[in-house]
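A, B and C label the chains in the order they appear, each numbered from 1.
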Amino acid sequence: MKVLKKVLRKILNSLIGIGLFIGKIWKHKKGKIGLILVALLAFVAIFAPLIAPFDPYDVTERAAKGLSPSWEHLLGTTINTGQDIFSMLIYGTRVSLLVGLVTGIAIAFLGAILGIIAGYVGGMADNLIMRIVDIMLVIPTLPLTIVITNLFGKSYFIIVFIFVIFGWTGLARVIRSLVLVLKNSNYVKASELAGGSRWHIMTKHILPGVSHLLIMNTALTCAGIMVAEAGLSFLGLGDPTAISWGKMLAEAQSGGALLFGHWWWIIAPGIGIFIAVFAFMRIGLVMEEILNPRMKASSGIFKLFKTLNNTYIQEVFDGMNEEVLTTKEGEIS
Amino acid sequence: MSDVLLGLKNLKVIFPAQQGIVRAVEGIDIDILKGECVALVGESGCGKSVTSLAIMRLLNTPPALIEVESINLGGDEITKYSENKMQDVRGKQISMIFQDAMTALNPVMTVGKQIDEVFIKHNKLSKKEARIETIKALRLVGIPEPESRAKAFPHQLSGGLRQRVLIAMAFACMPKLIIADEPTTALDVTIQAQVLEVLRNMQKSHNVSLLLITHDLSVVAHTADTVYVMYSGKIVEKAKVEDLFREPHHPYTEGLLGSIPRLSDTTKHFVQIPDSVPHPMFKPTGCYFHPRCKYATDICKEKMPPLVRLDNGREIRCYHPINFSGGENNE
Amino acid sequence: MQKSFIIKRIIYAIFIFFVVLTLNFFIPRLGVDDPAERYYPPQGNMSDIEYEIIKQVTREQYGFDVSTFKQYTNYVEGLLRFDLGTSFRTGNPKVSTLIAERLPWTLVLSVSNLVISLCIGLIFGTVAAWKRGRWQDSLLLNLSTISVALPAFFIALILSFYFGFELELFPAYTNPNMVSQFDWSWEAIKVVFFNAALPIISMSIGGIIGYSQRTRNSVIAVTNEDFVLTARAKGLSQNKVLFKHTLRNAMLPIVTAVGMSLSGLIGGAVIIEQIFNWNGMGTLFLEANNTNDYPLMMGIMLFMSTIAILANLIVELTYSLLDPRITVGEKR
């Protein structure tokens, strides 16, 4: 019971922490857009069967091949198979979001663990981890993914697996360099002197120290992964039975969308990718701004300067004017 | 008043921000005579560095807004100078020594090259001629083996040597005025003394005026001729250095002096000034110092005291000045 | 830069090369015991004996008839002679020959992409940093969010659709005769330029914005440094401050970024090449994948890795030339 209580409290605490962080992003005008879009995507992905007007897998409706957008088929139908493009778009959200989130979270775990170990434990462990990073960096990811899918078959499981195996390196490096800074901070040293175990310091001091950077990187990783997933699906390396935006683009190209001028067939999945990636990017960038305000672009100072009331500024300046009195030393009181 | 080298009149600097206006410098006058060393003293955040950058016209606008009646350098009004003309003034007539030589020197350029640039720009020398001058300049500030040190990168030199390099760079063209912004703060105490010694010797032997910006009165005592004490963007006291140390008139100055430990002082504890400088956006009413002043009365809370110029040249901004040895109104 | 530093880096690069080479040898042998089965998958209408014979022939032909360890040493030995193995294609061409044929065509795309992205990106980034907070800067920030969210292959499809099919300005598919008829004549170069336009544009849009953003951040970070103030206090002109002090330091992270793109110089264009039917390394790889041509796939992979290792090595050495603070094995 005690353990359960402890675990529950921990989960609650971290949920509150995440909630507070989301609140911070929500306050940001740009962050709000990102959060709303992510919520919308999640809603669409979960309730896809209810939202989609047609069965996107249905290829039997041959009479309705290559339709232009209409009220019935909002984005028309495919030229070769007569599938409803709007319904495909809705279902495509699932793959994109699932692959992006699962990979992003897995990378966050692996990257954080290995980055913290490399940075805090150092020595042999650090050496080993960084050597592996060096090797990972020179292996071409896309060709390797193609080879692996050729060997073990095509599925999103394999794609996620490869993304995770190759994706943690960047995050681990970033986390490691921050951990190296934290390691020399006074509070970590104080904890060490007080006899805190390595495990205690890593979980209680280092992990909270890197958590913001971790969340920010996870949001950006999700965005990057969704682009990469679209690319792999475009090459036909995803699950052949699933509907994904990347695959839709490939089908549009091979199905003659370019040739017959069915631009909506290309634009639709493109916009899907755009919205999903944009939403996560926005969240990540807003977090970056919160973490590192020095880099902020619209520092507002220029807008501020334009709106400055010149008479007010003049008043401020004039208010500083004053007379200098002259007097003899003896007369001062 | 022909021997005034730099006449700064009524300098005001503000920084508009979303939440309000930061009043960094609120109309200060500084006169620096030829060959004189003037110290500008105050706690961090009181507007000292902003003042020095404003004199060099190096403050970026935006974010800063500046109003100044006059910056007169040896008879020339430099407020009206174009940026191009100002570039000829910087380094040639006024130069600057910054606080932390580690960050103030370009890490990817040899220190020799960085000094060469000054000669190439202002004396129109070739690279070779400039290097000869650079080595002379380095030798002048007491850097051993200047030929090889000129080829070193900043990170290869010790902190003391780096600071000497900055001094050599500032004195390169023998400008009329050198502004030293906390030149020794980043150094160890023993090195501090050496560097100050170099700075003072260079200043005296070449008859250059020096504006020394510091929070450390012990540095002032050894170096300066005249002292301006600044508090929260205003000058609160001006005096010759001996006068100031003998009888500080402003309670703030007294507090600053009290914070210097003295061996001879066996009876008293440190006198400390409670609290810290007010935030420049939320300054108190009346005298800015009154919340921290033990002499404060009601008038101090209501009205900013005027700056009073005494006939012996001292200036004081206080309703309750202290330490008048000869006067009737000794506290 | 110390000699020992260079030697250390080179030895390390060789070590990485051997690890990658070993991985490269073993990965295709995962899952299947007999490499011959890769070449010749079992077919239904064939008796077991027939299949055994065919496999035996294959083994001898491609050197699979010896122990795995011996195969490995043979592989390494071959590599020392720059022999990447033999393709399963008809006529059994050498993998290295196939790569040599296709490499220049990929380089046409990727090198132009890198040069264009870098040059324009540096200029845009510096301008944005210079005009920090003004419209140029905000525009760049917004564009960079948008460009990441628009994958290059989507841009490629749009460009191919609009300029290729609708306006018919540029070819939407590469002229199949471009490679075979190339003879260094002015006309042939023009054809290449014409065909490469769309692929290069679709690749470099993201690159330009990426480099701009990096340059901007880097320049701003350096502008806040004290030594820039020192340089201005010396009376240097704005141009001198920018070029000799700010940009020189701001270049350091850009060098790393260029190194990263050098690693992707050959493998980075797979999807774009596929869309435009461009006869480069990417399409070669996809062809190899479609025909289960493992020696060719692994040869290309190893080649790409080697380029990446060399690129990293060059970046490290350049970096230590540019930044005197780098000492042995220590990065800023």
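Note that in this section a residue touches a chain if its C-beta (ideal position, glycine included) is under 8 Å from a C-beta of that chain, and two chains touch if they have at least 3 such contacts.
This structure is a prediction, so every number in the text was calculated from the model and none was measured.
Using CA-based centroids throughout, the chain positioned farthest away from chain B is C.
By the count of C-beta pairs in contact, the leading chain pair is A-C. Look at where the CA atoms of chain B average out and do the same for chain C: the two points lie 54 Å apart.
If you average the CA atoms of chain A and of chain B, the two centres end up 48 Å from each other.
If you average the CA atoms of chain A and of chain C, the two centres end up 25 Å from each other. The set of chain A residues that touch two or more partner chains comprises 300-302. Within the complex formed with chain A, the chain C residues making contact are 16, 19-20, 23, 27-28, 30-32, 132-134, 137-138, 140-141, 145-146, 148-151, 153-154, 157-158, 160-161, 164-166, 172, 217, 220-221, 224, 263-264, 266-267, 270-271, 274-275, 285-286, 289, 292, 297-298, 300-301, 304-305, 308-309, 312. Interface residues of chain A, counted against chain B in their complex, comprise 300-302, 304-305, 308, 313, 316-317, 320-330, 332-333.
The touching residues of chain B, when paired with chain A in their complex, are 10, 12, 14, 16-18, 21, 23, 26-27, 29, 62-63, 65, 67, 304, 306-312, 314-316, 321, 324, 326-329.
Those residues of chain B whose C-beta lies close enough to touch chain C in the complex are 53, 56, 58, 83-84, 87-92, 95-96, 98-100, 103-109, 114, 117-118, 121-122, 153, 155-156, 166, 169.
Looking at the complex, you find that chain A touches chain C at residues 134-135, 137-140, 142-144, 146-148, 150-152, 223-224, 227, 230-231, 234-235, 249, 252-253, 257-259, 261, 263, 266-267, 270, 273-275, 277-278, 281-282, 285, 294-295, 297-302.
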